[in-house]
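Should a chain be cited, it is by its letter among A, B, C and D, assigned in written order, with residues numbered from 1 in that chain.
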Amino acid sequence: MSDAALHSDLSVGETAALFADVRGRTAKLVEPLNPEDMVLQSMTDASPVKWHLAHTTWFFEEFILRPRVANYASPDDRFAFLFNSYYVQAGPRHARDKRGMISRPTVADVAAYRAHVEDAIATLLVSNREDLDEIATLVELGCHHEMQHQELLVTDLLHALSYNSLMPAYRDPEPMPVTAAPDLAFNRHDGGLVEIGYSGDGFAYDCEQPRHKTYVAPFQMANRPVTNREWIAFMDDGGYGNDPLWLMDGIARARAEDWQHPLYWWQQDGEWWTFTLRGAQPVNLDAPVVHVSYYEAEAFARWAGARLPTEAEWETAHAATPIEGNFLDNANLRPLPGTGVWGDVWEWTGSAFLPYPGFQPPQGAIGEYNGKFMVNQFVLRGGSCATPKAQMRHSYRTFFYPHQRWQMLGLRLAKDG
Amino acid sequence: MSDAALHSDLSVGETAALFADVRGRTAKLVEPLNPEDMVLQSMTDASPVKWHLAHTTWFFEEFILRPRVANYASPDDRFAFLFNSYYVQAGPRHARDKRGMISRPTVADVAAYRAHVEDAIATLLVSNREDLDEIATLVELGCHHEMQHQELLVTDLLHALSYNSLMPAYRDPEPMPVTAAPDLAFNRHDGGLVEIGYSGDGFAYDCEQPRHKTYVAPFQMANRPVTNREWIAFMDDGGYGNDPLWLMDGIARARAEDWQHPLYWWQQDGEWWTFTLRGAQPVNLDAPVVHVSYYEAEAFARWAGARLPTEAEWETAHAATPIEGNFLDNANLRPLPGTGVWGDVWEWTGSAFLPYPGFQPPQGAIGEYNGKFMVNQFVLRGGSCATPKAQMRHSYRTFFYPHQRWQMLGLRLAKDG
Amino acid sequence: MSDAALHSDLSVGETAALFADVRGRTAKLVEPLNPEDMVLQSMTDASPVKWHLAHTTWFFEEFILRPRVANYASPDDRFAFLFNSYYVQAGPRHARDKRGMISRPTVADVAAYRAHVEDAIATLLVSNREDLDEIATLVELGCHHEMQHQELLVTDLLHALSYNSLMPAYRDPEPMPVTAAPDLAFNRHDGGLVEIGYSGDGFAYDCEQPRHKTYVAPFQMANRPVTNREWIAFMDDGGYGNDPLWLMDGIARARAEDWQHPLYWWQQDGEWWTFTLRGAQPVNLDAPVVHVSYYEAEAFARWAGARLPTEAEWETAHAATPIEGNFLDNANLRPLPGTGVWGDVWEWTGSAFLPYPGFQPPQGAIGEYNGKFMVNQFVLRGGSCATPKAQMRHSYRTFFYPHQRWQMLGLRLAKDG
Amino acid sequence: MSDAALHSDLSVGETAALFADVRGRTAKLVEPLNPEDMVLQSMTDASPVKWHLAHTTWFFEEFILRPRVANYASPDDRFAFLFNSYYVQAGPRHARDKRGMISRPTVADVAAYRAHVEDAIATLLVSNREDLDEIATLVELGCHHEMQHQELLVTDLLHALSYNSLMPAYRDPEPMPVTAAPDLAFNRHDGGLVEIGYSGDGFAYDCEQPRHKTYVAPFQMANRPVTNREWIAFMDDGGYGNDPLWLMDGIARARAEDWQHPLYWWQQDGEWWTFTLRGAQPVNLDAPVVHVSYYEAEAFARWAGARLPTEAEWETAHAATPIEGNFLDNANLRPLPGTGVWGDVWEWTGSAFLPYPGFQPPQGAIGEYNGKFMVNQFVLRGGSCATPKAQMRHSYRTFFYPHQRWQMLGLRLAKDG
């Protein structure tokens, strides 16, 4: 992000509170886990829980403590090699697909590493250094970075646990509230020459900026995400085998991986079940569908006589809608049935993840944060039940490859106006 | 394309002339080849010459003769299975990566197949059927389809021949005219709320439509494509090994395939050479660079302190520039040195290939023409020395995956205004 | 082979006659083919017909003409690169999996290359050089080498044609003689301390030597190969899905490639059909089963309460049995129904292809002929309907990987005595 | 093994003592490990430590407790699915390459599982059941099975830890005794009609039987394994790049994986280092080379003007040599420098792993123990510093694929007599 982008509207004290809060929430997330759970890496796209714990810590060390604190001593300088993710300007890295081989440092060692860095950052934030504002801004960035990893931590864990036929639950199952989904309706929007992108004083990533003009033709937007009931109708109508509904690359992927339903689903005695962070659960027909790829979402929309919204449409249509989802903080970790708002599942848009006009990444390794992923991925908007609420905002752009499914990914329909 | 889109402004007689002309040009293209040359398939992305000859013929048979001519008899009904490409609504297909296994029908058999279908179409076009206008419109589509395959035919052939260490020349080498490239300059454009997309009465594909409004911020556009001289400067500056210039997916691909220069290049006695349709040739420093992927083009642009244009910028900036390239019809088959116009090499844009607002594909299998490729690919604009001139227009969108290089792919720089 | 092994009992004149005969037979084999047929390469294990034509010619050039004929001029020195197969001491080679990309030299060019080398060899054999005996011995080796490639030529061709749904026939179908297979019987052999390996004055490969002692326990050998009728009984009994019958590596391969029957088989209206060099044919129940891998053969034998013979058992048991098969020279190119002898199908043994005690390969590149393949392969004995009769002998060891099926591979059962 | 083979010469009491001893040694092996270490799976060939702990326990449950103890209750019946390895007759299994995904049951759960089964077996062995002898024989088999897994446990662990750039040591480094290797010498053996295979009253696997006659030509056997000093001479002489020394499949594998030295080696300041169970260590020039594949060993032997021994030669030559190696029980876990006996490293033979004449596997799932691996693997003889001494005997045949290197694999040279 540009220097402007790195400006924060938080006071240093507020930043310190945010830091304590975010770090504490991470620690709370892993409380139910055994050390064995924390080293699993189920695929290259996913990372072990322990790696998330260490990587988010390394981020503060690499971009704040090392460059700014004289005589800062890391518990182990080699952690920088193990826990860098993709920052090429921050030096060489441990191979991404071998993160599950790192049994040591142990979970206890990593906890000590976290405490060490937390102390150093906390100390820094109560100093009276000249560069305290800059430091606070970087700490805030580190907190948002860690919030992103909180979501990945639980979704990566879900993926790893899904290979275990014992179907272990991350958290004890709780009864799901019974709520009917509202009837599907489309709201009309005029479009026109609008502005999208972040413009406030708070935190936002470089890729959400600059706020810029774009032209949007009249369109209609659904009042809620697509539900499991609707998805099952698509399945029952032969949607997965109906090639003309699908993009060519989607057909190839669906065939190669034999997709017949969303990830983690199976059928048992005529009923659909799904594996969740609360273990095996019956599919709730009124809840938003989740764990579907862009290919599936795009085909579903065509089947439904609709299409995916663009991100400009999404941002315009939701500009006045506050978030009311089912947040990580609420600890439910499943999309809520009957939801009519946003924040329960990420919503695929039909927009490729590309730079906004005038996009300028910040200088240095921090500038690699988003820009180097701007190819082959699609934007999702909103946020999911695994997203910390503090991380959600109207301009937020997350992005995944069109074949990916292990995140909390769903969709909302749109139509031409 | 919508029904409107299938309207043609050619008379039936003009269509018949176009048909004769296009079919004749295809035949001329393969004159220098042996039967052995015509069955080679060097990768899944490429097809044998003979397959192009048959597939373009099958297109007329499948979409015109079979549905509209009572008692039409194909030389062999099984050709439909062998020579369908990807039209899922037109039935099952021969595996795409096994097209090089089809030694029979032989080249002679395919020539007879071509003659058979040409007779039938010619007969149809001089009939006085009620649906003659519809037929003529479909014939025109078939001609444009065949022109696309003319370009693929020669580029696929180049790829296949490149595996032969004898470096066989498709055509005899001719001396390349000596012309210096004009100095690089950027022309400023105001942008604003503009319209792009095809709007005339002539032929255009569904994906070029509808003409629609879009907002473009002020920008600058280079006066010519990037040259080989500039590309070598990038190479000499370590561009291929400078990770921060590259997209992450680009680094992965470049590493996996050990990219150090454009496709078909090698160094010999301190000079760069390249394999072309005229055999081995020294790289002409003043000619546009060609056979570079999106990943390479995007990294080059960053290195040059610029970026790739969007397709709206490209179309706006070129709206008043006539084509003056080096066309397939001119038979040179190499980008011309010193070119300052468009039509010598395709130019990568930074725009993903996605539907225009309001896009409507036509009904039926014809509707699969472009729509089902609208994911994971980037748009190129312009046209190349392998493109028939009749196929070039300002609104034309071709598209390739960001790693592909075997087509005549180059780039032109742009900047924010 | 050792120098002794390279001794030949043919006179120079007989060698010249063998040379003319073998070269002529190769030319005859390709008469029914089009140029397009001759460039197909369907997998890395197989080579194009044209490559076989050129490689067998290169062998004479590389090992006789170049080292021994002053001023010998090849039509193109670069052919050595294109048509070397695996002789590492003979220099670098064209990538094996890209042989199907070599459209030029054309079939006509290769015919001229063949004629050029044939003239040179014929001239050499009527000279009165001092090293004429050595030359004749090498020519004889080249003839046997070419006979091996005659078999590969037709089996590789069959594999390539099998990808064509038109099911083209290499030769016109002829009615298959109707003969019932003899009843299965086992002949008992005493074994003991026996000798195997080649010991005569004629031609034999290095790997058939030295003749050596080996101890064989009493055993029983079937009177004929396993028939298609017996194989179908195995299939009908669920043999392909009965894991305990199979080796672990066999299960993995059979699952990965979905083996349910021999290669080239399919079921049609309740009857089994197979693709052959004479096109589609009903499976003849009395003919030996062919196109089965070692894994399948080994599992079948276990199902049948028997086992595969060792090569010592095979050679001992067949020592007194003359060849009476259905040879390539007879041009039938299908195993004959009712055969009770050997020479119709290669017979898998349970012996790994390893050096005989005291094995010594000859010096130089010729020494790479067999020795470097002595790992991971199993020996087959006998010979097939695609094997030239002059190439068959009791001590002959051919070898393939246990998963390979595209050669004319069958089996004969054995039991402990 | 046949029923006879399952006869044991141990009394029931001795079997109970063996059981207690073996189970205790396994527990001791994992004492230095953290839970995180115990779930790592670094490749399909290797399994997590925890899996070994559970699988060896499952073996007693599956083949003894379930079939023979009425009302036996497992801690979790689903463990049978998770911890079966390859016994197809024992039901479906967890995918082998996903064993590293099983975080639960935890290490503590598995320890409880072990205790549960140990109690049940111990109780059984002090009962006065009629089938007590049969049970004791099966318990003895289970103990030998567990000893095999003790070796795999530490070698699999080494492989997993090798991916960690922190180079964690399984055990604290101890100084290596300084001993010079004896000079290389070859001892001549007459061979003749000999007998090999197990014939005593103790425990032996089915594949070591029956003892049988075989003919061995005169040969010479080296007095000790090949040392690291000799291996470095091979490397320095360009052995890894000298294609004519290598088998074709070996060249392909060495190229694909860029082999330039044994597994786990690297060069640092001109000296060779290696990663061991005691962490990074300098390569001891007098110690036997270890972690070399069959391909490397076979090429080395050719370079040295020798060859690998057959297993008949090995067994004959060592018949009178007692084991004096460096055993797992001694806890050194590195081949000892200066060793002139056997038992420090497994020694590759040139014999494929195939059934002995008259081989009969036992009935049922136990019969899958060795027989189903009799393809594509080579026999090694002796034993390594990771092998429990009680498992070593002259007739023991272990086997690995020719490309595998992660076990303690070395070689001893032989020559024709």
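The criterion applied here is as follows: a residue touches a chain if its C-beta (ideal position, glycine included) is under 8 Å from a C-beta of that chain, and two chains touch if they have at least 3 such contacts.
Because the structure is predicted, anything quoted here is derived from the model rather than measured.
Taken together, chain C and chain D share no touching chain.
Over half of the residue-numbered contact pairs of B-C are shared by just one pair in A-B, A-D or C-D, which is A-D.
At the chain A-chain B interface, residue numbers used by both copies make up over half of all numbers present, so the two copies contact each other through mostly the same positions.
Our note on geometry: chain A versus chain D, Cα centroid distance of 46 Å, whole angstroms.
For this pair, chain A with chain B, the centres built from the Cα atoms lie 38 Å apart.
Chain centres here are Cα averages; for chain A and chain C they lie 59 Å apart.
Under the contact definition stated at the top, not a single residue of chain C touches 2 or more other chains. Partner chain C is touched in their complex by these residues of chain B: 34-40, 42, 50, 76, 78, 81-82, 94, 98, 100-107, 160-161, 163-166, 168. Taken together, the chain C residues at the contact with chain D in this complex read 86, 88-89, 193, 212-215, 217, 243-244, 246-251, 294-295, 298, 350-352, 354-355, 357-358, 368, 372-376, 402, 416.
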